[in-house]
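Shared chain: chain A. Partners: chain B in the first complex, chain C in the second.
Take a look at the complex of A and B:
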């Protein structure tokens, strides 16, 4: 039994987002009390992507966050936290190893599909393979699960968990599991915070047409043609898909913009930087604009409101893009000065 | 979003609640439980509506003898041919063949068992369709936008 782990003392908390929640859960258990927002920011989780030539269930790929696994990778790397990450070929082998790790007192993170998890509300069970949860124990054939987005600890039968771990399709988890091998080595969070912000600025302002601000502008233009391209019915489903990516389970509202604003607020305190506080307020306003957009989009899906068209929705996205463009440019400047200050210390 | 503005529209989360980030009275962020939000419920309902339409279409095609009942269970599990092929371990062309009534009726018990396990039904039941489509959301109840 590892000394830095207090067995059976795992504290479950409900978080907004599964991956940053799972990582926050692991770190808290290892003795580094970090909020979910801090983990999300340290992992550079914020992003936007519109990739029409990659189809998910027949819809263009739309995302408000970085690729799955990115937050875990960046956070553990920047906190210099020794981790083990594994994928398996055989389900039996994966489950046997999970049992062994639990016996040793580890809290184990798993990547799963939501489709096979019985405790998730049925209406949300789609083939989405990048869900994260923590396993904290086993009793008979049941596992004790701390799912970051669920309010309480739950149980899951071995067979269901095994199916969820070996789901197929896009982003197949292949039984991926991860756990911390030791406590984080970093005591000063500030350089890591600045680095996390730099990653997000780099990604959001990247000169690629499908990602970041340019991705938003690309989508704003493309949306106006959705009706011609996909037909009236499918365009609606597309819009519904976008709303779900932005607001359904695991974003904290406003397509992760609110979580990131919360991160900026916490970072402002830790770095003694008032500028970040102001940026956080602005990002909150942008998050509200995204919420407005989701509301109009839902009206458009319903077909009740004649004033909402794909053109007006595109304009709303464009407006968000312009505001975020200015915000991340300023944030980039701020991180540069912060970096200089930290070097000078 | 302010804490008091966090919507509580019961819908897809059923009795569960999830957390949203919202500002408290002092302008600090805090985690606030929410029962759901109308646009989310609406978007989710629309997604299931599409699945219902797909099921209706498949039912009529099965009745016309164009597809086997496997096609119904595939659509109900929200799968397409390529995903079903990956799950079942059969090659895509074989799954496509099994979607035709003739080849499907000639499947042996072993092959049938693979599909039955995957869809969580008895092997014999795979050959017929259930009376009703059981979807997790009710599509009749119109929510007001």
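Take a look at the complex of A and C:
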């Protein structure tokens, strides 16, 4: 067995976000130590989407990141890392395959439902089917789990893990598992860093009404109508859901903007590019603006500030959209220059 | 280790920020949960957003990025330790 495949040597650490944390854990174990921010940026994780005709737990789909599984797919592709990903129709087959992989010494990533994981405190469990964790071993009927958002290694009974892997509903995991078949083939990260930034610029500046900057502007206009459309009570629930997606579910705050700013800072060092450092500072300030929006929204939900209206909240989102529009256009120009520089080397 | 003065300051800041009007216990255990059903201050996740912004404005420390808010806002002690470690 190769050393990199030995789960006994797996080092657990806590991350802000589950998918980038799981991928960082797998890559670190495979011998490529990367920070969570680098993984998030290499995977082009930053996005914004407002899709009112798709409902998640009864609310319009609102997201500050790319689709589930996207970070794993893009990072492993960029780093030319051989991987296997599978979904299953039958739970028994999925669990048997997991046991077989663990016996072979693999660290296995799983997509699960947070709601069915007993080691997550009850107050934090909710119906979200795209939570990522790593399984590093098995003892009797219990699996040894490295959950990226939990501080220490933990255990999970087979029955519970199986239920979490086959939860139904939106983004149903269908037993999805993934693992690395070998270490990354790329050692020079610079082209992958530039590519990751280009992916984010493309997605944020895309000419589609529900995504990126246009998605933010769409939501800013739509939220002014939420009270009329949904009623006072449900409109507040919508706001609370938006705050949760922005500040809670492992985003690192500011809807992943702080994590992405940390990525730009690390990329600035690796690419010797001062412009990226300046953009990182600006994105941190934009993250603060998103947080101010969340603060106003929270006060609106709690009825603590009568000066906050859905119109004023929409204006705050518009302001963030305008700032991000300018930032990602500059980042796009910077990546073009960097790409030419790298080609010339 | 954070001192009692910082704990008192933080409790006062939280009470003011989150408009807590209920009577509080005389002594708040720094190890008790800050947010959630077990919180002696009765705080929820929306209050957490207000606390994060208030702490940033008051102490100049940003809770974010790879410092998980969940971890920092676990207890009064973890919040106080984070402030002590990160303020200029």
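In the analysis below, the second predicted complex is superposed on the first by the 340 of 345 C-alpha atoms of A that agree within 3 Å, B and C clash if a C-alpha of one lies under 4 Å from a C-alpha of the other, contacts with A are read in each partner's own complex, and residues count from 1 in each chain.
In this text, a contact is a pair of C-beta atoms (placed from the backbone, for glycine too) under 8 Å apart; a residue touches a chain by one contact, two chains touch by 3 or more.
These figures come from a predicted structure and were not determined experimentally.
With both complexes brought onto chain A, simultaneous placement of chain B and chain C is prevented by a clash.
Judged by the touch definition given at the top, the superposed model places A:14 against both chain B and chain C. In the superposed model, A:115 makes contact with chain B only, not with chain C.
Once chain A of one complex is fitted onto chain A of the other, the partner contacts of A:87 are absent, as it touches neither chain B nor chain C.
With both structures placed on the common chain, the touch criterion links A:100 to neither chain B nor chain C. In the superposed model, A:294 makes contact with both chain B and chain C.
When the two complexes are superposed, the chain touching more residues of chain A, out of chain B and chain C, is B. By the touch criterion defined above, A:149 reaches both chain B and chain C. Chain A residues in contact with chain B (one complex) as well as with chain C (other complex) are 14-16, 36-37, 121, 123-124, 149, 151, 240, 243-244, 247-248, 250, 252-254, 258-259, 261-262, 284, 287-288, 291, 294-295, 298-299, 301-302, 304. Residues of chain B that touch chain A in their complex: 1, 6, 11-14, 16-23, 27-29, 31, 33-34, 37-40, 42-44, 46-48, 50, 78-79, 83, 86-87, 136-137, 145. Residues of chain A that touch chain B in their complex: 14-16, 36-37, 57, 115, 121-127, 149-151, 168-169, 172, 236-237, 239-241, 243-244, 247-250, 252-254, 258-259, 261-262, 265, 281, 284, 287-288, 291, 294-295, 297-299, 301-302, 304-305.
For chain C in complex with chain A, the residues that touch the partner chain are 19, 36-38, 45-50, 52-53, 56, 62-71.
Those residues of chain A lying in contact with chain C across their complex are 14-16, 35-37, 121, 123-124, 149, 151, 240, 243-244, 247-248, 250, 252-254, 258-259, 261-262, 284, 287-288, 291-292, 294-295, 298-299, 301-302, 304.
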